[in-house]
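Each chain carries a letter (A, B, C and D) given by its place in the written order, and its residues are counted from 1.
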Amino acid sequence: MKNIYVEELVHTPIESQRIEIVERKGIGHPDSLADGIAEEMSRAISREYLRRLGVVLHHNTDEAQIVAGRANPYFGGGEVIEPIYILLVGRATKKFNDIFIPTDKIALKAAKNYVKNYMRYLDPESDIIFDIKLGEGSTSLKEVFKKGVVPCANDTSFGIGFAPLSETENLVKNVEKRIYSEFRKKNPAIGEDVKVMGLREDNKITLTVACAFISENVRNVEEYITLKDELGKWVKDISHEYTEREVTVNVNTADDYEKDCVYLTVTGTSAENGDDGSVGRGNRCNGLITPGRPMSMEATSGKNPINHVGKIYNLLATQIASDCYEVVEGIREVHVRILSQIAKPVNDPKALSIQIIPEKGHNVEKMESKVRTVAEQWLDDTSKITEMVINGELETF
Amino acid sequence: MKNIYVEELVHTPIESQRIEIVERKGIGHPDSLADGIAEEMSRAISREYLRRLGVVLHHNTDEAQIVAGRANPYFGGGEVIEPIYILLVGRATKKFNDIFIPTDKIALKAAKNYVKNYMRYLDPESDIIFDIKLGEGSTSLKEVFKKGVVPCANDTSFGIGFAPLSETENLVKNVEKRIYSEFRKKNPAIGEDVKVMGLREDNKITLTVACAFISENVRNVEEYITLKDELGKWVKDISHEYTEREVTVNVNTADDYEKDCVYLTVTGTSAENGDDGSVGRGNRCNGLITPGRPMSMEATSGKNPINHVGKIYNLLATQIASDCYEVVEGIREVHVRILSQIAKPVNDPKALSIQIIPEKGHNVEKMESKVRTVAEQWLDDTSKITEMVINGELETF
Amino acid sequence: MKNIYVEELVHTPIESQRIEIVERKGIGHPDSLADGIAEEMSRAISREYLRRLGVVLHHNTDEAQIVAGRANPYFGGGEVIEPIYILLVGRATKKFNDIFIPTDKIALKAAKNYVKNYMRYLDPESDIIFDIKLGEGSTSLKEVFKKGVVPCANDTSFGIGFAPLSETENLVKNVEKRIYSEFRKKNPAIGEDVKVMGLREDNKITLTVACAFISENVRNVEEYITLKDELGKWVKDISHEYTEREVTVNVNTADDYEKDCVYLTVTGTSAENGDDGSVGRGNRCNGLITPGRPMSMEATSGKNPINHVGKIYNLLATQIASDCYEVVEGIREVHVRILSQIAKPVNDPKALSIQIIPEKGHNVEKMESKVRTVAEQWLDDTSKITEMVINGELETF
Amino acid sequence: MKNIYVEELVHTPIESQRIEIVERKGIGHPDSLADGIAEEMSRAISREYLRRLGVVLHHNTDEAQIVAGRANPYFGGGEVIEPIYILLVGRATKKFNDIFIPTDKIALKAAKNYVKNYMRYLDPESDIIFDIKLGEGSTSLKEVFKKGVVPCANDTSFGIGFAPLSETENLVKNVEKRIYSEFRKKNPAIGEDVKVMGLREDNKITLTVACAFISENVRNVEEYITLKDELGKWVKDISHEYTEREVTVNVNTADDYEKDCVYLTVTGTSAENGDDGSVGRGNRCNGLITPGRPMSMEATSGKNPINHVGKIYNLLATQIASDCYEVVEGIREVHVRILSQIAKPVNDPKALSIQIIPEKGHNVEKMESKVRTVAEQWLDDTSKITEMVINGELETF
């Protein structure tokens, strides 16, 4: 049975609420950078444990701290004056059965590679100082992940997920993702630090986009304005793929041309000049910050994917919610919460709550067995989450 | 008018939901320690700015990173083997009108004092290495807070609040607070790192308490068990002041006496051995983590209390919700969300949403003008939030 | 036999050379601060090893790095704006026979205590950031010091000593020591960072004294000038106790009153504002820098006093030289050099060279057996050096 | 006249002394690595100042601290387990006439490039953590170097030089240099950390060579022994180019094959495992440590080449000594010492002492005018030292 609770949730569906606020911090936002680096470290360490030992050992790399640098961007140029400082923090098992695993070095390389792969103008070798403090962890928490053995929960903690995304949520998420993957690729002046804030007031959606520009690739304020307008129009255009509501788009609203105040960066991220960043303070594992929705405070990025329920249960709850919504007819919204019991197998949570807002004319009681089956199947196969994480098939922020 | 939206929220009230999960990380939890230090630094810097200049200058100290140490606790003794490392991170204005303000030194002292005041067995001079990286911040964000002038929002961001606390929320919050302020004072073996996880399944509440013991003050495992049982009973006893529901209390459930696995610490915090901590990853500004409730991801602690809407709006929304609930009859639950517009006065938000679940027989439309008045009065006096923060009258975690 | 070489040195005796340059960096000079902290750490760790285990384990703490801070001194006040940063570096054995020794904590406390004891106005808690990086050392170098067992040399290295001090050397050393112990005690405006440079041109000695003043205790430039003159006269007065040569004293020669350029400090050391410091770059173990004399490059401070020949042989050579001069008649100058063989007992050096400039009418050959006896006795009892170091009876800089 | 003192030195010439000790720490020795990095930073910063501003601004980068890592070498393989940590320390002028110069970034790049260029198996990106702390320096020391203007001495300090090198000195220096440039190039198993200690006892020279091997390139202990023997023979062979005295060569004398104790490294430097390093503690600017010769304690590497007399006077004294020896007939040995006066032009020292041991039958008085001319010419052109340093034409360690 596994303590699965299914209930109807009486709740104004998100689309029917008058006000909805949704935020997404893009890839180059200092908090997202911290998340991405943290997760990349864990993946690299996990893979190396598997390669060397055939098992994944205890580790957590979920506490990178980014300390902003100083930069001097100007139209057509600029440079980093004081490098960004990134402290890589966590625990790892460095010796196992007399075999050393150089976790510091693996983590360091992973962090640098992440920056190389995701940021075009931020050079991990000269724009960033990396420091690393990976402790050995407390021995009692050292758990080994082996095929076929279900690991035990590291803590009393919980995970949260819901489905489906609302229109505004979907819009905000896709706008940032497509600026990164499409608009940025065609426009070398667009940086990676893009924050999208969505406000829906009834049927009117306002998107506030804060987008770092690359100073070297913008010759003057006229070019800046032109491209900014273009970005605004492009966002408005693609918005119609996600909503029929009226969409207003504002880009870089704090600009003040008379005071020469525009959003220029040398490297594409505001971490170059005054914005610190930290793991777990940005997007939840569905890629969004959604204050009107259930959320977990647990940082999903960087935690070990074996027995850290703060990570696994967030991803698991999101998968269960998503599958329920896909598989079971009549669901309007579904919320999933999973609470662990420390030292009990991760597939045996203290409680797994599924709350459903049904479509009109549908009955939650009738859905219960199907929904329960989805949950049970996932609980039977929590190691799939672990594998997907290690293989990079699940996003964590 | 100020963009205030009032609407009825159709929602299963929290008390009527079948499952409720509530968590509170106590004062000595690594994440709370980071929060407390971050907030203390901001307060100390604010006060010093006021003392020297009569105004508060731009600063943010919301990114302390705690890297766990190593300790060697055993019944009757133990010691810290490798100090905890705490990196104090943020921005501050260090020179103003040719006057130097030694913000690094002020922050360092504040952090050490905080530890001295809140942790009995953690010596900030020998158990902790403090390092500090306070940058100068980007010039355009340097804002001055003067009596009578409304500062402008530093960012596009939002804050969240709700009222009243549910029974379980109230219970969880008070259990931790009273273990700290009452039980701990009478029992020198009780540490400051106490995490309380509350699970309500219908009318059955399970409290899972993880409580660090002070190794020096517990002579053997028998004493440990006795005190643990006593704590469990005491918690159960005081629970009846907050709820008539059935309450089960579990303390340190991961203990395994046969393996000598108990929750002993030298210093009262798990940061001494393997648990890192970070600002903004624990309690929201109402002191709780409530996945079933609207929450903001913004760290409230350590942000400047003048124009950082990530801080001010969380505190403001919580005050407005609380006042509405107190002042206006017929409210069962009220949720408040405030969205800023960057560079606009903080008392002129983009949207202030008030969602109300009314008591049966009450009508939200009739409450609207009163509720609106409460919100408007607070917006007229946002500087009161600033003052309360600086004076230490508002908790931030 | 022990490879002891005695020979006559034909050399213009130091007093007969036309030019002699001698320097002493006082207690508060950044390099001396680094030396003092390094040595205090080693002593504290050695004592703790003895207390806990009855033996001294392998360690070296000879690499403290001081990074200057920023300060804002002015007549009558001032403050440290950015703390000094001190990185404590070295190796130590942290676990021995399953007993943990908290060497980081011991070293940290020792460093802070040293500052408290030797610097009146430099607060180790708020004016300095201490960080610590003590590694575990390479296993093969881990040696245990036990009563009665002669440890083996850690390296191929050498030590140097000579006797007696020349008049100018004696003068320079005593001037600094007495400014610290006498003049400073009566004059609260005198700091600890005092550098004395002595130049003897034939029979004319010029002492250039750079002396940090404590800004809080000097009200104005007139007071500064008065005290500076007083210091100059006092130095000149006491000089006659050490020499009959003509002595000229210059104090703070870079002062430029018109440009308000005087040597004021808040804390008594120039490390507060721009002067970094490092172990082993200042005084040799006889307390002086003497370019006209044989010198070793080995830092004596902070090295382990058991088998680090870079430390022991410098101290030993100085003791042997001094004893030879005292005990054996007819010596004008004596130079001692000792070269180790790695992995051979420290009392069995590769070569111990004693070079003697005899007084007129004396014959080195006749001195040889006595001199050899002095050297052999010391070699028979090298552990005495170890004990004296641990007990703080030997200065190392 | 410039305070030039010429005198005869009555002294047993170095070649006639019975015992001579000479040491050279090779390129890959941790202290030399620190020196090399420090000097490279200063050169790169100087060049960048020149490129951007046409002048060299105040800076000093003479305090790099290397904290050893951990490595796991074995025959045929091995890896760095914990990276080496290098803290780059100093001062630089970061803003001049409103132009920013990114000195941190320049220094960081220079340090990494240095490692890349001089160490084959030490990867600056994954084997080393670089941190940087470059302060702004005290304003009064900020001096600008312009063509044609003689800068003023930054301090009261002195420099030392002598000529010629003794046979043993020459031998020790060349043995290390040729192992690096010749033997290492042909033998991929030879590392860069080579220390040569020379002991001359009358006409018998013993060279003790400590040479790190590259573990990946040595398959087993037999190969190790073979190559070690080969190195010993090679050194003995080339020794005859420098001396006719009997030369004995010992390589890695601490090896103990039974205990599997050999000098293997992954990266070619002992800094990978337990040996810290620091600027200014190794070779003097002539590339040697010569306890029987006059030496200065000043670190030559990393100091600014404009007005830091601790650097310039060491290089200058060495040049003057060398030129005197070349140009003036009848010199057996010449020692040069230069003492500065703070705030006076660097070409106007307080004293420049030239001490000469003449060849038999030669008279120092007759040499005086020629020798004086050499010194005066160099003093007239101290900026040549600056230029040679910036162009990398002068070695500093």
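The working rule: a residue touches a chain if its C-beta (ideal position, glycine included) is under 8 Å from a C-beta of that chain, and two chains touch if they have at least 3 such contacts.
Small disclaimer: the values here were computed from a predicted structure and weren't measured.
Among the remaining chains, not one touches chain A and also chain B. The greatest centre-to-centre gap from chain B, using C-alpha centroids, is found for D. Measuring from the averaged C-alpha position of chain B to that of chain D gives a distance of 56 Å. As a whole-number value, the distance joining the C-alpha centres of chain A and chain D reads 51 Å. One finds 23 Å separating the Cα centroids of chain C and chain D. Among all residues of chain A, none touch two or more other chains. On chain B, the positions that touch chain A within their shared complex are 5, 7, 9-12, 17-19, 21, 23, 60, 62-63, 65, 67-70, 85, 87, 89-91, 133, 135-138, 140-141, 156-158, 160, 195, 197, 199, 201, 206, 208, 210, 253-254, 256, 261, 273-282, 284, 289, 291-299, 337, 339, 341-343, 350-351, 353, 355.
Of all the residues in chain A, the ones that touch chain D in their complex are 72, 79-83, 94, 100, 102, 104-105, 108-109, 112, 125-127, 129-132.
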